[in-house]
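Have a look at this one before I ask anything.
As written, the chains take the letters A, B, C and D, and residue 1 is the first residue of each chain.
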Amino acid sequence: MSISRIRTLAAATSLAIALGMAPAQAANVFRFAFQGDIKSLDPYSLKESFTIGMHAAVYDALITRDKDLNLAPGLAESWETPEPTRWRFHLRKNVKFHDGSPFTADDVLFSADRVRASGSSFTTNIPSDAKFVKVDDHTVDMVLSKPNPIALYQFSTWYIMSKAWAEKNGAVAPSPVSASAPSYATLHENGTGPFVITEHQPGVRTVFKKFPGYWGKVESNLDEAVFTTISNDATRVAALIGGEVDWIDPVPLQDQQRVNASGTATVMTGPELRTIFLGMDQVRDELKDSSVKGKNPFKDVRVREAMYLAIDEDTIAKRVMRGQATPSALMIAPSLYARSAEFKRPATDAKKAKALLAEAGYPDGFTVPMDCPNDRYVNDEAICQAVVSMLARVGVKVNLNAQPKAKYFAKVLAPNYDTSFYLLGWTPSSQDSHNILYEMVGCRTDPKSSRGGWNLGGYCNTKLDAIADQVEGETDPAKRDQEIMDGFEILQKDWAVIPLHQQALAWGVSKKVTLTQRPDNLLLLYWVSKQP
Amino acid sequence: MSLASATPPSRWAKFLDSDVFASFRRSKLAMAALAVTVLFFALAIAAPWISPQNPYDPAQLDLINSNLPPIWSPDGQSPFLVGTDDQGRDVLSAVFYGLRLSLVVGLLGVLVSGTLGAALGLIAGYFGGFVDTLIMRVADVQLTFPAILIALVVDGVAKAAAGGGLDTNATIGLIVVSIGLSFWVQYARTVRSSVLVEKNKDYVQAGRLIGLSSPVIMVRHVLPNVLGPVFVIATINLALAIITEATLSFLGTGLPETMPSLGTLIRTGNRFLFSGEWWIVAFPGLALAGLVLAINLLGDWLRDALNPKLQ
Amino acid sequence: MTEPVLSVRDLRVEFATRRGVLKAIDGVSFDIARGEILGVVGESGAGKSVTGAAVIGLIDPPGRIAGGEIRLGGERIDNLPPEKMRRIRGRRIGMIFQDPLTSLNPLYRIGRQIIETVQTHTDLSAKAARTRAIDLLAEVGIPAPERRIDGYPHEFSGGMRQRVVIALALAAEPELIIADEPTTALDVSVQAQIITLLKRLGRDHGTAVMLVTHDMGVIAEAADRVAVMYSGRVAEIGPVRAVVGDPLHPYAKGLMGAIPTLTQDTGRLAQIPGAMPRLTAIPPGCAFNPRCPKVFVRCRVERPDPIPVGEHRVACHLYDRAEVAA
Amino acid sequence: MLAFILRRLLQSVVVLAVVGLIAFSMFRFAGDPVNQIVGVDTPVSERTEIRKSLGLDDSTAVQAARYAANVLRGDFGISYQFRQPVSHLLAERMPATLELALCATVFALVVGILMGVYCALHRETVLAKLFLAVSLAGVSLPTFLIGILLIFLFSVTLGWLPSFGRGDTVRLGWWTTGFLTVSGLRALILPAITLGLFQMTLIMRLVRAEMLEVLRADYIRFARARGLTTRAIHFGHALKNTLVPVITIAGLQLGSVIAFSIITETVFQWPGMGLLFVQAVQNVDIPIMAAYLLLVAAIFVAINLAVDVLYTIVDPRLRLAGRTA
């Protein structure tokens, strides 16, 4: 190779290096990594905590939630209820979308239609009977057919899109999975939020930059935020400790000490809203792959009680979860139900469990398969293993089938409900107990109704269904709480499910970064600041 | 040859006098490797009797004993000689049982792939023509997919077919099949090329002339002559099969955590590498590395010893 | 008589094996004069090839020259440092191997292989070396050498390839050529041509040739003198005419009885019962004694030294003056 | 020669067709993609509709035929999880994988050949034995464990090298390269070593064995008898003859390097096709899985073909026209 060629090459290389490094100059960049991906930029495509949090950086909702999860003004400056079934929203003026166009009532109406269109995963965020009426350019009414105490509870994750932009780019319908062409909104955004996305490579990296035309004041001091997927636990922790990223989620329980000892980062823990629980098939007349033939032991309430009593949740919380879990008697997190404290988890009692099994006709126990995800919840498979060994001691032999979430959900979810005994986690998206009573433990006898859609075990008590319906329309908070309590008591009396615990959030955060962590586990960039 | 000696030497005496044995005695490394391999096999076979705990029996695990360090640490507890994992499983017992499983999976995988490969190679080489082309083209396609891909495919199909969970034996079967399906090509190619050389030799032609049938000639005359290289490949593939099983576990298609092989132990223990609970991954890792290394060394030496050109 | 080109005295070559030290060559002595062809004959394992390898310095470990001396043009070469010995190989001693098929690197054109050899030993430019290579090819009888020089070995027939090999051995005009079974791998019809070629080249260039073979026919055809080897020792050495026509050593006698013609190769010494002992089991005394028809007590205990008998030198107690007298 | 290549091409097409069929029909059974597409509270009726619109209700044969027709048009479908054309996703990820595979292969070849030659020429030295021992240790540890150990040592403990990703990349047309930035080059080191280690030991041992055998060949003895220098014999004659079989193996290994990058890419979060495939398997993203399998097969077949052609260039004996496969 001649000298001149080497020189040319060197020049080209240094130029490229300069180009490659240019954006890093002086900008305050926050780098963060999550085990999963930002699945889609379309804010109606996937209900998944992390993605929703990312959308919140570029899109605004009419009503948002503050650092304590209380409702707070968003694009709606204020709202009132002139009648019990009518909500009036006063929209903020001088709000601009990222493409420069102004935000008006038409965008709200458009978004209300779009979020409830086929293909949206957020149809339940707005009451299904809601009608939206434009009053003027900056006032919108929502009219319901009946009073609804929780009508606005899910507004904070209903983000407002631009009507003109969607129409121009053929993104009027929420990303249709079956279309032959990809949806524009999947890969592009046009929100009103404090950040814009300048680069989005699905599964690789996404770059957020500060939106100079934002209507509000932003707490964050970031110029730029770069997101990367790091699915491998060890690699993710290493990246945080090595200072390559400023934030990771989740920090595996066993690595929390090391992160804290690293000197560069700390683990930020907090209670999460998700409840981890065990369910039992109470529908089939004979359990699949069980040693018991011709009958279903889980239909016997004594067996269910025995299962409950045999599992030592305190030890699970202490050992498997290393103290990062709150044992729970209910299917809902304490912060979401005011009277949670009135429920106590029955104490573990293996002796009584054995006696109950004997009484039910299983003195030597029985064999049952168990389904468990191994990459969905914190230490999910380890919890299941612990359960297996605890049940083994009262004679119930469990064949554990732990699989990745894709396979697990394909097996246990509707329409097959192919499971005898399973572990699942659940966060009520409405942050309200009704969701539990309706979707998780409601009878799934009516195939047309969404009631019991997530009731994989198929527990059914019509009395409970009646209570759930009452709760839905009840506007008096005290009365409502009492009705919920009645419902939960029935659940406990029937030993319908075995709630285990609420797992803790565990974010790994660089010491240079300050941010806010809420129990809903959303990373909200507008509250993130970093020492430059 | 040895008309001089009055009594013909026994087989064993012949072996002791052979070049293979001599080169073995000369190589301290080979002797050490054999000793380690034998030790691991012995531990694997004796696992149920020498382990303080049956790590596969969930009733014997107690969460109270979880994450105990080795006994020489201040927090160590008897009888957990090298500590326990996050389920309270005795790491030493788990390593013994894991060795057992890893060896079973490896040996069965090698058996399946070796039998399949040798058979196909014999057929391809002996008959030639269309059969040969067909088998070797299939081998080409096969080579496109490494064991991991094949295992993912086989695993997915089998689980779908079984309609959900598989018990451990079925999982072992699946891994064995995956390994068998991914490693047969090497045997087939080796056997085929040996057969191509052998089949023109006088004794095979003679066998044909005296009217021996093809299968008889192949199995009785050609096969013994190609067994040397096959045995070398098998030894090295045993090591590879054990590693493959471990890798499959890393990708989540290996043996379940309730019945861990060495690979599964490493995958789960790997989570504790940063957290200071090093013993959970270190001992299975050492066992695996030691076992594979010993087998590889043996295979290596065997290849050199059986290769007259290198004498 | 002028100083011989090659003079080997009491050469001993040993191989260290796990079963002890094997004496492959044990006290071999002979001379080769300028322009002379010495045939070295014997059964396989008699030490013919090892002798050749020892002369050219290609005994590889675990073998080693354990004693004696080898002189080339009066200069001792058996104890030269490797680099000096390398310069002698090819330059002053050329070698031809048995199998022309495998003697040439299949991946290089023969031209390259010849030029490389020429340039290693001379200061010729690339162009001059090529001209020399073409001349060499012409000399060994390759037709159209200026074209064939760019051919690959596999494009030549066996005989032609052996001619190329001979050209390579001749590349630097060596004083001595060691031809180790140069015709064994060839068709019978080609064998004669190669022998004729060797003879002609030896005559034209005054090159001394050590012709190693197990084929008495070749010896009878080509050699001036012949050395009969048995179990790493020279049993008898002398002019071809004398040794072939009137062998003295009982082994040589048996051997000559088995002379095949060039058209018929028996290769086996059917006339002598038994086989040459393995190197691990050389009997005391004369190595031939178990097979010797004229064996007597002394043969089993005392090793015979070569003694001159007429034009011959024979290692046999039968010709010891003491025995003859007795 | 031309006929030979044509025949090979035809065989390649058949191979690809078979792989495509296998890939598709296999992944037809790999779980229900609908659950991955929809949100958690999507009602059953909607799931059924999506299932229908994806054509998942049609018979396997119909789906396979539709897929094959689309593939022939260069359309691998839309990824379920990313909702982008698969061809686009693969094209975006391909540079990362190819650059990694290239570096790993170069590393494996250069170091492997050097060490192999050294071990063959200096058989009995301590260093040669050390190389052999290290190479055995290299193949005795699972790749993922080696990767994690490297991260632990060089990223966490020493802090020298990044633990994940490609660093900064530069876009050259549709190709993104990490070769032109410092961070890109730094990010390449650990994954390339991890990925190449296995191949390196393999090549080293192969070179050593081949070379030992070549050194025993008659033409090497003859070359020595001609007085050629040791250097000319070892590097002029022996090495070239050694490398002929090595080319084949190394070429075929490049194919498996690409396939094996699945593990390395997972450990190092390397944004390549392997990672995409693993994510696709986890998310039952059939279009990506099928396309990836086809692509790996195509790359392998292409390499195979290239090796065949290269072989005939290097080895003059194979240049004869009358070669039969």
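By definition in this document, a contact is a pair of C-beta atoms (placed from the backbone, for glycine too) under 8 Å apart; a residue touches a chain by one contact, two chains touch by 3 or more.
The structure presented is a predicted model; accordingly, all values stated were derived computationally and were not measured.
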Chains adjacent to chain A and to chain C under the stated definition are D
What are the two chains with the top count of C-beta contact pairs?
A-D
Centrality ranking, top chain (CA atoms only):
D
Determine, using the mean of C-alpha atoms as each chain's centre, which chain is farthest from chain A.
C
Distance between the CA centroids of chain A and chain D (whole Å) is 37
Taking the mean of the C-alpha atoms as each chain's centre, how many Å separate chain B from chain C?
51
How many angstrom lie between the CA centroids of chain A and chain B, rounded to a whole number?
44
Contacts with two or more other chains, residues of chain A listed in rising order
234, 238, 241, 375, 404, 407
Shared interface positions of chain C, touching two or more other chains:
none
Chain B: positions in contact with at least two other chains
270, 273-274
Pairs of chains that touch, anyone?
A-B, A-D, B-D, C-D
Flag every residue of chain B that touches chain A in the complex, lowest number first.
57-64, 66-67, 86-88, 159, 163-167, 252, 256-258, 270-277
Note which residues of chain D are touching chain B in the complex, please.
11, 14-15, 18-19, 22, 26-27, 29-31, 132, 136-137, 139-145, 148, 152, 156, 212-213, 216, 252, 255-256, 259-260, 262-263, 266, 278, 281, 293, 296-297, 300-301, 304
Interface residues, chain D side, partner chain A - complex
31-32, 35-50, 53-55, 78, 80-85, 89, 92-93, 148, 151-152, 155-156, 159, 162-165, 168-170, 180-184, 266-269, 271, 275-276, 279, 281-284
Help me check something: in the complex, which residues belonging to chain B touch chain D?
137, 140-141, 143-146, 148-149, 152-153, 156-157, 160-161, 239-240, 243, 246-247, 250-251, 263, 266, 270, 273-274, 285, 288-289, 292-293, 296-297, 300, 309-310
Okay, in this complex, where on chain C does chain D touch?
56, 58, 86-91, 94-95, 97, 99, 102-108, 116-117, 120-121, 152, 154, 165, 168-169, 171-172
